[in-house]
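If you scroll down you'll find the structure; I have some questions about it.
Letters are used for the chains, namely A, B, C, D, E and F, taken in the order the chains are written, and counting of residues starts over at 1 for each.
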Amino acid sequence: MTLLIKDEYPEKLFREDGKRLDGRDLKELRPIKLEVGILNNADGSAYLEWGNNKIFAAVYGPREVHPHHLAKPDKGILRVFYRMATFSVFERKRPAPGRREKEISMIITDCLEPVLFLELYPGTSFEVFIDVIEADGGTRCASTTVAALALADAGIPMKSLVSSVAVGKIDGKIVVDLSGIEDKAGEADLPCAITWFNEEISLLQFDGDMDLNELDTFLKLAKDALKEIYEMQLNALKSKYITIQEKYNGGQVKQ
Amino acid sequence: MTLLIKDEYPEKLFREDGKRLDGRDLKELRPIKLEVGILNNADGSAYLEWGNNKIFAAVYGPREVHPHHLAKPDKGILRVFYRMATFSVFERKRPAPGRREKEISMIITDCLEPVLFLELYPGTSFEVFIDVIEADGGTRCASTTVAALALADAGIPMKSLVSSVAVGKIDGKIVVDLSGIEDKAGEADLPCAITWFNEEISLLQFDGDMDLNELDTFLKLAKDALKEIYEMQLNALKSKYITIQEKYNGGQVKQ
Amino acid sequence: MTLLIKDEYPEKLFREDGKRLDGRDLKELRPIKLEVGILNNADGSAYLEWGNNKIFAAVYGPREVHPHHLAKPDKGILRVFYRMATFSVFERKRPAPGRREKEISMIITDCLEPVLFLELYPGTSFEVFIDVIEADGGTRCASTTVAALALADAGIPMKSLVSSVAVGKIDGKIVVDLSGIEDKAGEADLPCAITWFNEEISLLQFDGDMDLNELDTFLKLAKDALKEIYEMQLNALKSKYITIQEKYNGGQVKQ
Amino acid sequence: MMSIRRVISKIERNYIINNLKNEERIDGRGLWDYREWKIKHNLVASAEGSADVCLGDTRVITGLKYEVGEPFPDIPDEGVCTVMAELLPLASPLFERGPPDEQSIELARVVDRGIRHADCIQTKKLCIKENEAVYILFVDIYVINYSGNLIDAGGISALTTLISSHIPEGKWVDDHVEWTGGYITGETIVKELPIVLTFGKIGDIIFIDPSLPEELICDGKISISVTKDKVTSIQKSGAATFSIDDIQMLNKKAMELGNLLRDNLNLWQYKVNIE
Amino acid sequence: MMSIRRVISKIERNYIINNLKNEERIDGRGLWDYREWKIKHNLVASAEGSADVCLGDTRVITGLKYEVGEPFPDIPDEGVCTVMAELLPLASPLFERGPPDEQSIELARVVDRGIRHADCIQTKKLCIKENEAVYILFVDIYVINYSGNLIDAGGISALTTLISSHIPEGKWVDDHVEWTGGYITGETIVKELPIVLTFGKIGDIIFIDPSLPEELICDGKISISVTKDKVTSIQKSGAATFSIDDIQMLNKKAMELGNLLRDNLNLWQYKVNIE
Amino acid sequence: MMSIRRVISKIERNYIINNLKNEERIDGRGLWDYREWKIKHNLVASAEGSADVCLGDTRVITGLKYEVGEPFPDIPDEGVCTVMAELLPLASPLFERGPPDEQSIELARVVDRGIRHADCIQTKKLCIKENEAVYILFVDIYVINYSGNLIDAGGISALTTLISSHIPEGKWVDDHVEWTGGYITGETIVKELPIVLTFGKIGDIIFIDPSLPEELICDGKISISVTKDKVTSIQKSGAATFSIDDIQMLNKKAMELGNLLRDNLNLWQYKVNIE
């Protein structure tokens, strides 16, 4: 276990062997672990570990809207509440939700809404609660990815899943899936998400300093990484249904 | 008039003659003064002085619930709002109600509710406002005691009165009714309340370090003190009705 | 452009030639510029420059009351929201509205309400938003003056306009329309407003140290200044209608 | 108890107004009479000054606390006094829980301004060491029972609290405050005794010290603070308007009745002596 | 999943109560049995101590952060430990978004008091330099899934977090803190292991560790914190009343079951060794 | 005035969309045309920089204030610039009173990020003394009239404000800041001029600078900040999705139109000269 006392960044983000500090290649994702259906009170839920990110997502809905005046007569509403635990980051976060959390909540809402059929649920709401237990770079992408799984777990009709990843530039090189240190010490960061039903981009943010060619490269790299993540999401959903199937067969033993 | 400049505590809590610093014996209560019906806007009210504690209580209800969504279709609700004046303590309290005030409000609610017939008042609320003008140890017990009187003064049907007192340990000895200084400099404090209709404990909190035998002693001592307080409450109610009676006769002079 | 680094006040508030620091005579108003109908989303609006004061006012209404419970069954309600921009004063104001802003909002509400026929609009509200972009003494008077114009621009029936000005005492002399510096460094300040339909005072505040004769003088001076301001308000309204008239003729060119 | 929950009925309203037209009040007072004052002082041992003031059925308890802090840079040798007011929900079904509303802000501000501009508090006496340490006084007003005219009750309550105050005396030693063991009392802190007087207006009739039913139906009020020979603060509130003649008359009336009340209440009796 | 959205039905209520009358629970436990405990420690790398505790389906994740600050003047050589709790809306449809409500305040307070009064945290070990610098520990409890009895789960969770803690060691050099490169761990910080045990009461029947349906219909609860041979904290909540005999019995029961649980959980296994 | 209170009717919606399909806008613009810009600078004497920017009927007033504070420990020689935005209820019946909502947070963040990542503000020039004193700039944006596309208007407004800024120059003497009497102006503080351009998407059609009716019916927007040859920030919002081809096209378009707008507006004309 390494513990930094100051939140310091290394001078170089590549090792002498050309690998990234955590041993990854340029296009390599951090280890990702996905589980669905892990919280039994929610209508749908999922848990994710992505590098050191640890994130829970739960979905409640369709249900009544509180406060009432937010309800829309012609469609359901999607509300996303992204929150970070106080101990999820190096400096203790204040307990009350801050502006950054509200902003990310809005961005994830905008990102997930295109895959839902909200017009089928007038007057109701879907609420997605995302709680980050540990944050390590790319939490908005990881949160989007796990929230999409929780929606699927809730059995809510969806046009497709949504997958999300960040691409960035560190020490002059374009890499996939920035870690916390790479995010803070790097030059640029482009989180994006894809809605698979139309293969279009539904989340896109960028901060950095990039010419047009570099941005094109970013987007191409992102698409490859998003495909990998999509496979993992599908596997997580499958393995849940396999588990359920096994349980069910278990109930009907030896027929 | 003594004025401590720092909020300092004495080293010893007993005098050489074995009495407590304010001259009391181990089982002796501080002077208590109770008055009912002293605020004419409220449906019921009471005022208490208990040592240096000075506390007003007022009851409004049964009345409409604000906000509406708190109302319960099958029973009335009891809400207690315990507040301390900024100048009621040594260090000026911030004007907004703090967590401690909310916690004590909840504890007193739980303590008073068993004596009410809330099921007779569906959809309404009883609100008890308790305002501490000066605090000197045992405010939650004093507040419970005076709030029970205010409820009675409001003419709300009750199974019985509720009485409350704290027992504690100071300088190794078990004593009744800790003063402010004894509370802060002592070793243990057990506020409790009794609902007389079933002679059971409806408020119980304890912080300290006590073995089982000592706790048994605490509870026995408490019961004796609670009886004394109960008598005073009954007298306060009686003297109000005597006063009213006198006034009434006064209106019908010399028949 | 003069920039004070500290918010310092001059020792003397009169120049050697007997004029005030900004060159005005005792009874002279600062330059005032009034425009109506400058914001196209509002039902009525006006803009004012008065010395360095720069203030927008907009009126919405009659419209539904939010929150509902504020609505009155027998009359409309007037709500005024006076706010200052963070950069409108020397020391950056905190963004959230403070007590002073709430107090001034209430005072302006009380001042404008007498000229409205609120009893004709049961269950609705008129909302007046006043935003001070730059403040330079007398903002409450300037705000009242511009808000009255915005109400008139909204076509809301009014008994009359309302005009407002402050009179004060600086370096021992009574003067009209205190500037920011005069307000801060002077001895007394009496903002007042007049409802022209009954020629009575509908806003009156005073802080200072004045005997009865001096106060009488204040009020007399104020009345003269208020008449001047009234003329300017009427001209502003007229020139708007002239402009509209011209536009309209413009639409019917050469008939 | 008069029910203040319902809107005052038309009949009641007319009754009040008809009485006023005859220069009479429903509680028997004349137009310029205060209700009865009752004052207790120094009742709260945890406060460095306190007062319990009744004006008729209106009751207000005020306490003073202090802190030692740095002075404002532009007045490096003056202490600070702030006034806060809270309308306790216990005091009336008309008061709601929650953060200070407009009415409590107004109460605090009018009382504060009455004191501030009247040479009442000797802020220079509240300086321990220029630029370094001054007293910050908190005068906190709690309304215990509401039966009209909180401002005048609050004003007398704040003044009595200040007069009864007794603050540990500090002196500056090296770079910090040490306590001398003595006290600074209201006698040192308070100079002028400004009185705030509130007049109600219903229709064309103006009167002092509105009782609750009068306050609930009145068109507006005006509060005037006076020292012996000066007006120090005026605040009009509510949707009434006042003619300039009315205001001149009321300023005079306030001075007159203020002097009377100051004499009658004899607030200096509430100062505290500490050996 | 048992639906906790609807009010528990009469039938279900009676079913629970009838079982309890036979000293049985709907999940098959006896009156004095806990549900199964599962504990993971030190799972959050960004925290200086953490725990993931399941008690049946109730799940609580707790983390520890620290700051270095000035000590309180009256305890110049002691650090501070505060407990916060948040009932995440993710954990139950019964939880609402917004600032801490009464239930979360109660959870934090009861856990905090259990720790505070039991000689659990060695606050003097959290002092870097008397009067100058001490550690301030934040033990923040997040409820991830709510299925009854948050207090006992929260208590074990807070304790495991403290035991697993590892805080950079500072020393005072000249006038500031320098890091030695070593760590202060739970072994140094924690002494006693107080256990908080919560009993529910429905009608006349008392039982330990209420599950969600039991908690939703119970008249009241009592939480008792115990060390090996002392009771250190008691908190009654809800509208139930308890006879004095009941309380004496429960104190004894808490001591007995607390010792059993302390042995079974063997929390010291969760301490962290850093060379 | 177009009523923005009612939901845009189906008919109106179709009218807008049909126009767009023919590459026309309801106000006569082409897909890639901005509405008219009007800029006034330095209009607020109490601010150390200000701008009044109209984009069609959208109007935004921005002002700059400064404080001197300690730098962040990790950037001891850099000042700080923060952006706040408030959607005044005066500006539209769609805006409500209250704390900043999502829309105002988004406006502030997008403008802020456009500036922050573009080498726009020379934060090292905002350092008075390393580790001790830096300038903290507050760029506060107030929306005065809302008629669509606040972000682009806000961006130009913030930039003009910074260019027009004039902050008293301080130097470090002994252990405090002294004013030299000179000023640091926008010429020193601002280097790059990043332009933020917002594109709306309705169905398959993308266009620049949505007017109010377009904004109310659009599926989503994308805001792209550009310097002369770099993209420095992208933010997609709303429920639209964009193909990768679209995004590449828009990046190119933003660069092209950004350079055009930068030339046309010639913002350096708004710098302030102080002798």
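Here is the rule we use: contacts are C-beta pairs under 8 Å (C-beta built on N, C-alpha and C of every residue); 3 or more make two chains touch, one makes a residue touch a chain.
Note that the structure is a prediction, hence the values are computed from the model and not measured.
Where touching is counted per the definition, the chains common to subunit D and subunit F are C. For subunit D, the chain with the farthest CA centroid is A. Of all the chains, the one whose CA centre sits at the greatest distance from that of subunit C is E.
If you average the CA atoms of subunit E and of subunit F, the two centres end up 49 Å from each other. Note: centroid distance subunit B to subunit C, computed from Cα atoms, is 52 Å.
Subunit C and subunit F, compared by their mean Cα positions, are separated by 31 Å. None of the residues of subunit F touches two or more other chains. Contact ring, oriented from subunit A toward subunit F: the chain order is A, F, C, D, B, E.
Taken in their complex, subunit E has these residues touching subunit A: 1, 4, 42-48, 50, 57, 59, 61, 63-65, 67, 84, 86, 88-93, 96-97, 99, 138, 140, 142, 144-147, 166, 168, 179, 183, 272, 274. Note for the complex: subunit C touches subunit F at residues 1, 3, 5, 39-42, 45, 52, 54, 56-58, 60, 63, 66, 81, 83, 85-90, 92, 95-96, 127, 129-131, 133-136. Subunit C makes touch with subunit D in their complex at residues 7, 99, 102-103, 106-107, 110, 113-114, 190, 195, 198-212, 215-216, 219-220, 223.
By the touch criterion given at the top, residues 74, 100, 102, 105-106, 109, 113, 116-119, 220, 222, 227, 229-244, 246-248, 251-252, 255 of subunit F touch subunit A in their complex.
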